Amino acid sequence: MKFVDEFRAPELIAKAGEEIRKLADPDRHYRIMEVCGGHTHAIYRFGLKDLLPHNVELIHGPGCPVCVLPMGRIDDGLSLAAQPDFIFAAFGDMMRVPGTHGSPLEYKARGTDVRIVYSPADALKLARNHPEKHVMFFAIGFETTAPSTALTLMRAKAEGLNNFSVFCNHVTIIPAIRAILDSPDMRLDGFVGPGHVSTVIGCRPYDWIAKDEGKPVVVSGFEPLDILQSIVMLLRQLRNSEARVENQYKRVVPWEGNRAALRAMAEVFELRPYFEWRGLGFISQSALKIRQSYAPWDAEQRFTVPGVRVTDPKAAQCGEVLKGVLKPAQCKLFGHECTPEQPVGALMVSSEGSCAAYYNYEHRKPISIANAATH
Amino acid sequence: MATAVSNIKFREPQIEMSHGAGGKASRRLVEGLFAPLLFGSSTGPLGDAALVQINGTKIAITTDSFVVKPLRFPGGSIGELAINGTVNDLAVSGARAEAIVVTFVLEAGLPTEILEAEVRAMADAAELAGVRIAGGDTKVVEHGKADGMYVTTTGIGRLLSGVEISPQFVRPGDKVLLSGPVGDHGITILFARGDLDLEAELRSDTRSVFPLVQALVRDAGAGVRWMRDPTRGGVATSLNELARDCGLGIVLFEEEVPIRDSVRGACELLGLDPLHIANEGQFLAVVSSESAESALQALRQVPGGAEAKMIGEVREQPAGAVLVTTLYGGSRLVDMLVGDPLPRIC
Amino acid sequence: MCLAIPGRVVAIDSQDTHLATVDVVGVRRKVDLGLLQDAPPVPGDWVLIHVGFAMSKISEADAAEQMETLTMLGEAAAALEEVRGYGLENEVPDYSTRRWKQ
């Protein structure tokens, strides 16, 4: 696969690993946060931690849109789906996320019309093909995905398609990073920046992290070489006591972002004054809602939504794991009451949530196999 | 009776879709409810077929239900799956399928031409596989049930001589062989459902693997420790079951797992792991390290076996688990599938 | 939020010109080009696909440059060491950091 396989070349990965070992000061312990859940998943899938020296630690950030979605929002969405002639459409990522009365897949087994879609455009197509039903697209995702939802809503409006709506749970990444940095118990040296979010918002939004907080940010791609190269670039900056924003993912990320995507988002969305993030609490100006001009296609304006608030069990330490303060295995419920099959908290619910990723890919790995590079 | 009841470990209040998906939930149901009540105290590890002794002859018997949607797809249909699936379950238990009986559960309103097409497909598949369809049963249920048709096949076969397979015989150092590329069937079905609007030149790999198994057994004999056909849940689920049953670890070499470009592309696009995708025309075998190279060559000589590869080996660690390693030294565990593989966008 | 895959634009749809057939090693799908309307891709271009929308054009030149940089990892440092031996530190550009400056 072009633009994929080259960035998985074993010899180059070995070189990058070697460079990381040379650059890492043995007297320092580096704590680097990868913000995006997609990076968390890639790190585990490619076994990249095995290639890092012990003193370079990767902390998993809050960029998992499924993980940070409060259970009450799922309950709200599914309660709308209980109406007759209603189709609940969502990405596969949502299908096993538990609401209070079950996950979308469990609702499907009980007779609700729940459909998995790969694209919001497919949800719109469902609406075109089923004029007798109402199709509601349960939208999740950061700025990577929001423009696609926005364009879909623009197309629905242009077509005058009345049997389509969106239940919008899009969130924005910068406030989440701010919440991490504002956390008193957080100590981080730098960030692996979210490469695909940055194809939309560009690299400028991270300037304050370098200038005001003094932490380097390297916007990174998702192949093994991308992530390793980004760590090399971060270590170089740290060695030289620099704090800049760099773009490692140049082949795809434009420094100024995608104007057309940002225009579509501005046309359709506005910022909610505040939004609850599971594990992080209420964060202001951190989520998108559909504008008045698109009210007929906003499920929350068109239908009555219960507005359920569900609090997480106190024993679940998702917030601390989300902020990188605790490691998944340090949460008391990890692996016992809380497993990917029976998730209690947010981070076990999505395959890119730090707890689920760690559980599935790593935690039973014998130490002799992990960190083989340093033995 | 009282003793049997106290062995029931299955505590879930109702049956969910995941209990039929072939992964962890299915295993909980079988081990926790069916086994204690039905299989008695002498249950060993659960294989694809059961062995029964009748007057000194070892007979293998197996049964399987097919509830696939859509009924027809590139490369096959429910009819072929029903025959090949049972032939293969017998084959990987080391038996040649001799006879199959078929049960149809048909939905009222099913067009006869659809049923006829499936029955023809079954007749053709049985002839190709060299197995006799000995009889069957038919039931019709109301419109709205049975998704058109459900098919169950039950097959019996005679054990090939020289075959003694069990997870107990697996040893560290044994090699893991795979007959051909992963994921063709599962991705074909996913595309055929039409929800994802994806197209590719892909066909289900449904076929009888008996000729391949026969060649393997002829060549390696007692060197064959264990076999399985990796259907629902894919290669990862089958090998995790083995790892659990024998208490050893299985290490897979990612680059050695054969996979077609388009299956790989589909998995990358949808965020799926090819090791979790169903196959209907492949089998896994664990063979002794001395017999591995020769066994692989024997497989490759059989029509349809050209893509057979050695994909891994058995080790002490990680005990009870399956580890996938890459050329550049990274590794990850791969577990049994929990439900059906779901596409993701994150 | 992050699963995006490179694909090659095969053909623009004749009826809906904002749609294109994109190929990923033999898997094809109609992809919406609306987010790239300021500089629409043409058949033969490579784009990054996320949830059925093209997010960005992939630059072959940048990819090639990155490959070159990665190939030279370690070699740049070795070259510098050799040059240092000649006592020319102040006159030699720092190759190891040059490529990453914006």
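Order as written gives the chain letters A, B and C; numbering starts at 1 within each chain.
Note that a residue touches a chain if its C-beta (ideal position, glycine included) is under 8 Å from a C-beta of that chain, and two chains touch if they have at least 3 such contacts.
Just so it is clear, the model here is predicted, and its values are computed rather than measured.
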*Using C-alpha centroids, which chain lies at the maximum separation from subunit B?*
C
*For which chain is the distance between its Cα centroid and the global protein Cα centroid smallest?*
A
_Chain centre separation in whole Å, for subunit C relative to subunit B (CA means)_ = 41
*From the C-alpha centre of subunit A to that of subunit B, how far is it in Å?*
35
*Just curious, how far off is subunit C from subunit A if you go by their C-alpha centres, in Å?*
22
*Residues of subunit A engaged with two or more neighbouring chains*: 1, 4, 37-38, 41, 64-65, 91, 118-119, 122, 141, 145, 352
*Quick one: which residues in subunit B touch 2 or more of the other chains?*
196-198, 261, 264-265, 268, 271, 344-346
_I need the residues of subunit C touching at least two other chains; which ones are they?_
1-3, 5, 24-25, 50-52
*Can you list the residues on subunit A that touch subunit B in the complex?*
1, 4, 8, 10, 13-14, 17, 37-38, 41, 44-48, 50-51, 64-66, 91-93, 95-96, 105-106, 109, 115-119, 122, 125, 141, 145, 224, 340-341, 350-352, 360-362, 364-366, 368-370, 372-373
_Touch list for subunit B against partner subunit C, complex_ = 196-201, 260-262, 264-266, 268-269, 271, 344-346
*Along subunit C, where are the residues that touch subunit A in the complex?*
1-6, 8, 24-25, 32, 34-38, 46, 48, 50-53, 55-56, 58-60, 62-63, 65-67, 69-71, 73-74, 77, 96-97, 100, 102
*asked:* Give the list of subunit A residues in touch with subunit C in this complex.
replied: 1-4, 6, 12, 15-16, 18-19, 22, 36-39, 41, 63-65, 91, 118-122, 141-142, 144-145, 147-148, 151, 194-197, 199-200, 222, 225, 229, 232-233, 236, 240, 246-248, 250-255, 258-261, 264, 352
*Going by the contact rule at the top, pick out the subunit C residues touching subunit B in the complex.*
1-3, 5, 24-30, 49-52
